[in-house]
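Shared chain: chain A. Partners: chain B in the first complex, chain C in the second.
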Partner chain A sequence: MGDSHYGFSLTTFSPSGKLMQIEYALNAVKNGQPSVGLRAKDGVVLATENKSSALHEDQPKVEKISKHIGCVYSGMGPDYRILVKRARKIAAEYELMYGEEIPTTQLVTKLAAVMQEYTQSGGVRPFGVSLLIAGWDDEPGRPLLFQCDPSGAYFAWKATALGKNDVNAKTFLEKRFSENLELDDGIHTALLTLRESFDVGMTEDNVEIGICNKNGFQRLTKQQIKDHLGAL
Partner chain B sequence: MILNVCLQDKLVVANSVTSVHTLTPNIGAVMVGMIPDSKFQVKRAQLEAAKWKYQNGCDMTADQLARRMADINQFYTQNAEMRSLGCAMLMIAYDEETGPQIYRIDPAGYFRGMRAVGLGVKQQAANSFLEKKFKKKSDFTYDETVQLALECLQSALGVDLKSGEVEVAVVTKSDTSFRKLADEAVDFHLNAIAERD
Partner chain C sequence: MASTLVYEQKPSMKESAFSFDNCARNMALEKLGMSGPKLRSTGTTIVAVTYKDGVVMGADSRATAGNIIADKHCEKVHKLTESIYACGAGTAADLDQVTKMLASNLQLIELNTERKARVITAVRRAKQHLFRYQGHVGAYLLIGGVDPTGPHLYEVHAHGSSCTFPFAADGSGSYAAISILERDFKFGMTQEEAEALTQRALEAGMHGDNASGNSFNLVIITKEGTVFKGPMVPDFCVKPQSNDIEYKFKPGATTVLKQKIIKYEVVESMDIE
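And then the complex of A and B:
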């Protein structure tokens, strides 16, 4: 990346055939704040812990990429910002070129390709985030949930969790998930899953939720989150 | 925004040593950390703000400038050719739409809007002090704000400050330009604190 003296990749193979930098990047994700994604029948839910002190202004982690696509992360915040910027640019360029909104799968493949570049290009390190991307494709009208890893690999999920305690969270989801969940039940289940990883009480001030359905992607307001927490 | 200045050498011209910098007429910053890196980052911030104004015809807002500086810092953490800078920046401005702003930008590329923050030596103590005060109330008048900041510094460092040892810089609703307070003004606030106790 750039004309530097670092024309060689910093991510190199170990004798066992692993790329240790990517393993370490995944460790950075594992130590990040927990986040959960769940695909319901009529939409997708993204939820994450967003703890901040009384001195901090609110800063969202769930971000909108295009009208029907949003994302959340676990891992390093600064790296996430760069990827969100890049994703928005990719989405805007697609719309300019083809006159319609970018399909979720296309965005995911392009963004994952960016993340892969940073594992093989000269003088750079991989991104220290895994992304959960939620989208709604109009034709056919269906919800989609994808995970993008620092390696550049991407997976489609029915439901998944990232960050601290992700193994337990995924086990919890496996038991609770069903194909017939509606979006509201999905939010309920996502919050229950997130609560398993919370050491303090979950309130509308330390949790963030985004939903994606045929009407587009939006973040829930504090009041809406409070109502959902009350119903737990 | 307050900074404690320690001068070791009596031969140094006192008012040439400062960590308070004007990035634009309405955005100011205080730098904590390595002095050469701080100067580099300030020059870069001034350049980014000026470039924005030249290219877009309007002033760069503090949150845009803070985000830009944080993204530059993130670049240094991800690319081999440059090391991260050994300095952190506290940026303040009074935005006509969103009101008073404080941004903390650190070498990790992390940037955060803050209601109050301490940075540098004894920052834990400073932040705990501020958290306690903010739990009780968060709407302070101008005088209360300046005095709270001075009190915080005094309490965290465990010393009584004199006006020659601190630099105080402000932005307000009535005058959004970034300016330093004169020694007499600082003395006024220090005395007000002393009289209260």
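And then the complex of A and C:
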């Protein structure tokens, strides 16, 4: 019996030990718009393609979760928005309870636990997104980059890519990444990586960038993105 | 395969409505003659004044428990957002928690709507929370700030009512403070005039009310940003310097009336170093 015969149910293992629904969720991520995350010495860069036609109004993909944490995704947009709202609430509740901003690792583990819930319950399906979460921890002052998968697994990365063409993008990053990259170089490298997966020209209208450093998380403005693209 | 999702447990008001059992018990005990524990109150003077470009808000810093000053430098000007502040009078613990909750809610609203939160939003959230507890959460707030629709000032009471004013005062020292405000307030003041008026009103309250005093804090909120001033100590609140005098008397200043000498025999001695 092939694995696919067990694909109908989330809560049934296949003979090879996989949960096929989660594999299929990962496929939804693989077919999503490409996104890139890169951890520089003094900050983290998140970049993603945000293709929209001339008739579309801007809808941001890079979102801020708390003062020092932001995220981006590849996969299904609506699922992402639910997770962002959840993440914001988790961060706010932590702050209310402990009187300080939630450390990035804590947010990642709590959010991953939420995603895992949806792989072990009845009547639900896994989230069709993988998240890239960028954060800055004040003590010690250091940047962090994490990936959260539909299965609830999370990984810490120095640099990674999600979505279409992610294998080539990761190979590209492996060659280009160095521990000494500053944030501006990081943005440069992330844009080059993203460009590998672009079939049209990259402009400030179809690319989104977010950066996270000791001053917090912020999205770059269209003008700032244009300047960085000009320097490529 | 029906199973329920387990959401993260959090102390949520939705899980159970406020239980009034203890209130009934407390009232019965009081009828029997037992007095309840003294709530630490912020018997206070809080003042807020709107002017041409924004809002000036101020509060004293004395927290009392009955007749004792429990905290000389209590923080009564609470930040809700960068441009919305709340001054609180009432029960110290209730104020701390309510303002923290409001600040957290407003932060979430700002993140999710991608807009600066509005003063009226803070007021609505405060009202809806306080009304649910029927006045048992003793929080009397002056909520003021600047949002995209301009400068605003509201007064919210513990039972859940609110009103909007160009100037306001609350707390036990408000009677003194409001008289200054009623006499000297005018529309279209400059920032210096508004600051001076707030300071005079606060000093009136701190001077005349024994449950207010020690020092005061001011916050000036405008479209451009927020400036926090304090703690400032008015002259009549300055601790007096201690005056050390010499208490030495010349020998012979006191007359000797009687003299008795007792000789002791040393039986045993030991070192106690």
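In this text, the second predicted complex is superposed on the first by the 222 of 232 C-alpha atoms of A that agree within 3 Å, B and C clash if a C-alpha of one lies under 4 Å from a C-alpha of the other, contacts with A are read in each partner's own complex, and residues count from 1 in each chain.
FYI, a contact is a pair of C-beta atoms (placed from the backbone, for glycine too) under 8 Å apart; a residue touches a chain by one contact, two chains touch by 3 or more.
Keep in mind it's a predicted model, so treat the numbers as computed, not measured.
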Is A:82 touching anything from chain B or chain C once the two structures are fitted on A? First, second, both or neither. first
With both structures placed on chain A, which of the two partners, chain B or chain C, ends up touching more residues of chain A? B
Determine, under the contact definition given at the top, whether A:141 touches first (chain B), second (chain C), both, or neither. neither
A:56 contacts which: chain B (first), chain C (second), both, neither? first
Touching A:124 in the superposition: chain B (first), chain C (second), both, neither? both
Considering only the touch criterion stated at the top, classify A:6 as touching first (chain B), second (chain C), both, or neither. first
On chain A, which stretch or stretches are contacted by chain B in one complex as well as by chain C in the other? 85, 118, 122-124
Chain A residues touching chain C in their complex are 11, 64-66, 85, 88-90, 92-93, 95-96, 110, 114, 117-118, 121-124
If we count contacts the way the header does, which residues on chain B are in touch with chain A in the complex? 67, 70-71, 73-74, 77-81, 108-117, 127, 130-131, 134-135
Note which residues of chain A are touching chain B in the complex, please. 1-2, 4-6, 10, 53-59, 76-79, 81-82, 85, 118, 122-125, 127
For a test of understanding, state which residues of chain C touch chain A in their complex under the given definition. 1-6, 8, 10, 100-101, 104-105, 107-108, 111-112
